[in-house]
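Please find the structures below.
Here come two complexes built around subunit A, the first alongside subunit B, the second alongside subunit C.
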Partner chain A sequence: MGFILRRLVFYFGAFLVAVVINFFLPRMMPGDPVDAMLAQGARFTAEQIANLRLTFGVDQPLYEQFFTYLGDVFTLQLGNSTFFSNMPVSEVLANAFGWTLFLTGTATILAFMFGATLGILAAWYRGGKFDSLASPLSLVLQATPQLVFGIVVLFSLGVTWDLIPISYAYDPELTPDYTSWEFIKNVLHHAVGPIFCIFIVQLGGFLVPMRNNMINLLNEDYITMGKAKGLSNIRVMLNYGARNAILPSVTALSMALGFVVGGALVVEVIFNYQGLGSVLYNAIINRDYQLIQGQLLIMTVFMLAFNFLADVLYVFLDPRLRKGGK
Partner chain B sequence: MSVNQANASVHDKTDIQLSVRNLCVDYITSNGDVRAVSNVSFDIGRGEVFGLAGESGCGKSTVAFSVCRLHKPPAFISAGEIIFNGKDILKFDDEQLRQYRWKESAMVFQSAMNSLNPVLTLEEQFCDVLLAHTNMTRQECIKRAGQLLEVVDIHPSRLSDYPHQFSGGMRQRLVIAIALALNAKLIIMDEPTTALDVVVQREILQKIYQLKEEFGFSILFITHDISLMVEFCDRIGIMYAGELAEVAPAKNILTKPNHPYTEGLGNAFPPLHGEKKRLVGIPGTPLNLFEVPVGCRFQARCPYVKDICRKEYCTLTEVAPGEFSACHLHKDGIVDIIALEKQPVQG
Partner chain C sequence: MGFINLLTRNKKALFGLCIVGFFILTSIFAPFITEYNAAKRVTGSHVAPSQEHVLGSTRMGRDVFAQTLYGGRVSLAVGFGAGIIVVAMAVAIGITAGYFGGIIDEVLSSLMNIMLVIPQLPLLMVLAAFIGEVSPMVIAMIIGLTSWAWGARVVRSQTLAVREKEFVVAAQVLGEPSWRIILIEILPNLVSIIGASFIGSVIYAIMTQATLEFLGLGDPTSVTWGTQLFNMQKTSAIHIGAYWEVFSPIVVIACVGAGLALLNFAVDEIANPQLRSHVGLKRWKQITAQKEAEAAQEATAQQGAAS
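Let's look at the complex of A and B:
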């Protein structure tokens, strides 16, 4: 398993680099958490300000903060949030994590399933009506900023027609109870808008590459041989075409799943959804270094984990990458 | 142009496996339609090896693909009949066509490297075709696949391997084994050995010949390697610019060509025996199918061209028993190529 070992070493290196960047990136923004509080109208005496800086640890030289941070990362201490009333960062993130995983994860997996399927069909019936409609359209959708979709959906479905809630992950008057159908229904109802916005933008990202890849493959001799063998069209399309064409899309899916915990920042903010995207947004606005670091760390770990998964999955899906055969 | 061409057949009606009648295949391009295959007619008898030869782009592969209706757009069959066992496969609906493919006529493609699906095991690629055409159980399919591998001298234990784990020659034998899976009555071989070196080429051809003797299928053999073809085929059709220029028994085609183009092809190959002589190419370039001239298509490159060749089209006609030619000079039986050689008429 030299392959896996080599990948693991690489991922550890990448992790270290990301950890360093995660530290310096938020601190390159002007101001610190206390400045952010002052900017939002908090009134402190000079002594209070000094105390706050001491509490937040931002009075120390940067290199000392850095080494403290490194030590903390490897002992899995993420510190406390300065913005969310001194709650532990891990707790803040844990609260938001599930919501984001649900929101972005569902949207990404749906987008992959629909995108890949429609891409396969568009390629199989290339030049036909469906292809000439779906392919350019998905390019347009893909190029449209989520902000535009978010606002259009929010105003049309949410405000004008009042079909979907415009805020929160569930009705704040309900007590979260994951066993009650009433509550689950409410959660789903709240998720429709944001999921749709993320889904529609990601759809083209899966459809177009799948289609183009498949069209290239359809000229391969083994496709012709599959047809010559008198197999049904479905079988040639799936076992001979799609089975080969899906390989690059699997990488794309893993990358997208790695991004899932980044949350859909724009959509979450628009729909005031309590996921990691909203958390990150607030953390950045308030210079909540610990929270930003924590969030970036989760993103790093997820990104690397799913990349690794893609590597392994690829070997599983493409026999040519396996060494020595059986 | 006459539709009632000679059928280039030497067989009894009952003995014909495949009969291609006035086949026309057009390519639709943005510059207009091109007739890539024009009024091609030939018969293949049961157990016969029929070769189609000609330079690149002459339409021989298009004919081969048409026989399984595997031609891809922008190509389409605009006229003609392809009669297989008495049935016109051009009239088949999708399901009939699906059943006809591989069960009746199987195909071995030019590039062995690329004609096996890289992500499926061999077992899978044997079983899918067996399951699609027979009522065999999966166990029976695997057993049959193992037998087929043995036929092409590959150990049955390798069924669980993937195509990339085999060499080029082995892969071509695998494709042949798959072609044999349903005891197809006709196997179309589109340059089956082009991608292989000469040693493996010979090995493959011997294998094919041995299997043909054993199983008795007919072969439509496509190549541009005439010397190979002469050795391997019973009869040969020479194609030029989408038309059959000549059809004759393989043994006569180089020694007694009935068309100046065949003669040119013969001169362009080195003889295996006898004194070395300077090879002569055919002057000019292949015909641009957008600019088909009146009369014979070979006129611009023909050393014996006469006035009639520029005015009148010449259909494929029997010039000697079992020998067909589409050349005015041979048609009337008055022109002897040898005599012409002494006084070549320059076109």
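Let's look at the complex of A and C:
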């Protein structure tokens, strides 16, 4: 239990660092934060400027501003978006969040399942044809950014062959109705492209570590023992090798899920998908600072939560750690 | 230099090296390859590839081939520049934490761990947004200053392992100063790790720069692969079907990324011989087969002598 508590304290500290960055960055700019935003070409109405000055509390001493800001963060008052017609930032983010989670969650879980399986096979047949093709290929895929995949997929499947929609999460004419099959089909059709792009980039991220873990494990004595006992190859591969090698991958999965929110940004922009990425893109183009800052916070929280989940999972999955804890 | 020898002997490394070298050379010698100015209008809007304009033109009438060549200068410079910053910081912080241990290690380690869990892309976006239309140099700096944590952690754990080795203890007993032990005794043992971390950082920096600029955070007047993509997106070149404008920067970025990834894969194999699959294993099998054959020969010879 002590371990988990220590991690919690650490993650709380990390979250505070993100809050501190968010707090000091606009205040380190020349002039007051509102001037800085205006100098960057943000377009505000006079009313918005007055509101902003109030939110930033520029006339108060710095430490008082900080505690006000801290209180606001914990009560989810992240200010108002200037681009999305003055909607509260937390509301804008909440609307977009579900779409991002849908895209990247699906893609990551698929990538984990395929990546881990292929990694096991690559390690088992190490040096064989499949391994020497798949392992370098997945490294190359991993190094290829989603920017590249997104544009290639959109151009080829979307524009040239017209197989997938090139914009939006569902046809704008449809009214969202999550019980009708028509609507769900439409949503899925729109999601194929983005999910594929995120999936393919993450695939290598699961395949290569799985392969390397597994190769290291295959040198262990108990594998030799298993083979010597005359167990079937499948049994040695899955029950003796993969079962142990998958541990780090499970935690990697949980951390990857933490990344997903950030990872989908570019793909969403390319496919004009209405998740956090598109919100962020609009925020950047229109210099909507509080919205950009809100994004950093929500992504940090998500990342920390899944890192914590990974820690807990590790204790749960690895009996050696559990015993050590007691 | 055994390390370079190893690099050139590995086929993957050589191939990667050739790709990356090719793009470095073409961007350095850009003025000799194209006559056009990358930042000026030289022809009509969205002209398809022709003899005069090998890769066509953008909506602003700029030559895409020239932009891609000149863009490589900035994009590669940012990649390698940021890579150097990342590695320098990672090595400095990692070795300090690993070698001195104690409270220094604790402070630096928690700093690393915190940097690791704060998502980098959004952090970079917030930084870039407040600095405003960041120039390529600033992009290199902020990427460098925010991405050292992973490298530092790897360097630290390797330093911890090396520090316990006899030759380091011997140097300490001899009364060598710390800086000398770190530079002469420890650092050479970290070369492969530092190499891998450097290449990884360069890939990351090139991709991140392109991403930041694509999202409109960069300086739109600079000519880089990222701003090419930004302009491509802004003028909806994809929807028009201007494939030359869409694919030029994409293909180049993907090639450089692939080349560097191959290089990194090779460095990984050199650093961790267990991962070597083909060459090493084949040689091992050859050697054992040879030994067995020799042993068999000897055995028959002995049998012959005995009978």
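Everything that follows uses one rule, which is that the second predicted complex is superposed on the first by the 275 of 326 C-alpha atoms of A that agree within 3 Å, B and C clash if a C-alpha of one lies under 4 Å from a C-alpha of the other, contacts with A are read in each partner's own complex, and residues count from 1 in each chain.
Going forward, a contact is a pair of C-beta atoms (placed from the backbone, for glycine too) under 8 Å apart; a residue touches a chain by one contact, two chains touch by 3 or more.
No experiment lies behind these values; they were computed from the predicted model shown.
Superposition of the two complexes onto subunit A shows a clash between subunit B and subunit C. In the superposed pair of complexes, A:165 makes contact with neither subunit B nor subunit C.
When the two structures are aligned on the shared chain, A:139 is found in touch with subunit C, with no touch to subunit B.
Legend: residue contacts after superposition of the two complexes on their common chain; A:240 is shown touching subunit B, with no touch to subunit C. By the document's definition of touching, neither partner reaches A:79: not subunit B, not subunit C. Once chain A of one complex is fitted onto chain A of the other, the partner contacts of A:115 are absent, as it touches neither subunit B nor subunit C.
For subunit A, the partner touching the most residues, choosing from subunit B and subunit C, is C. When both complexes are overlaid on chain A, the residue A:230 reaches subunit B alone and has no touch with subunit C. Applying the stated contact rule after C-alpha superposition, one finds that A:193 touches neither subunit B nor subunit C. Shared contact residues of subunit A, touching subunit B in one structure and subunit C in the other, are absent. Taken in their complex, subunit A has these residues touching subunit C: 10-11, 13-14, 17-18, 21-22, 25-26, 29, 36, 39-41, 126-127, 131-132, 135-136, 139-140, 142-145, 147-148, 151-152, 154-155, 158-160, 166, 212, 215-216, 219, 258-259, 261-262, 265-266, 269-270, 280-281, 284-285, 287, 289, 292-293, 295-296, 299-300, 303-304, 307. Only residues 220-222, 224-232, 235, 239-240, 243-244, 317-320, 325-326 of subunit A touch subunit B when the two sit together in their complex.
The residues of subunit B lying in touch with subunit A in their complex are 68, 70, 72, 97-103, 106-107, 109-111, 114-121, 128-129, 132-133, 160-162, 164-165, 175, 178. Taken together, the subunit C residues at the contact with subunit A in this complex read 12, 110, 113-114, 117-123, 125-127, 129-130, 132, 203, 207, 210-211, 214-217, 229, 233, 238-239, 241, 243, 246-247, 250, 253-254, 257-258, 260-262, 264-265, 274-275, 277-278, 281-282.
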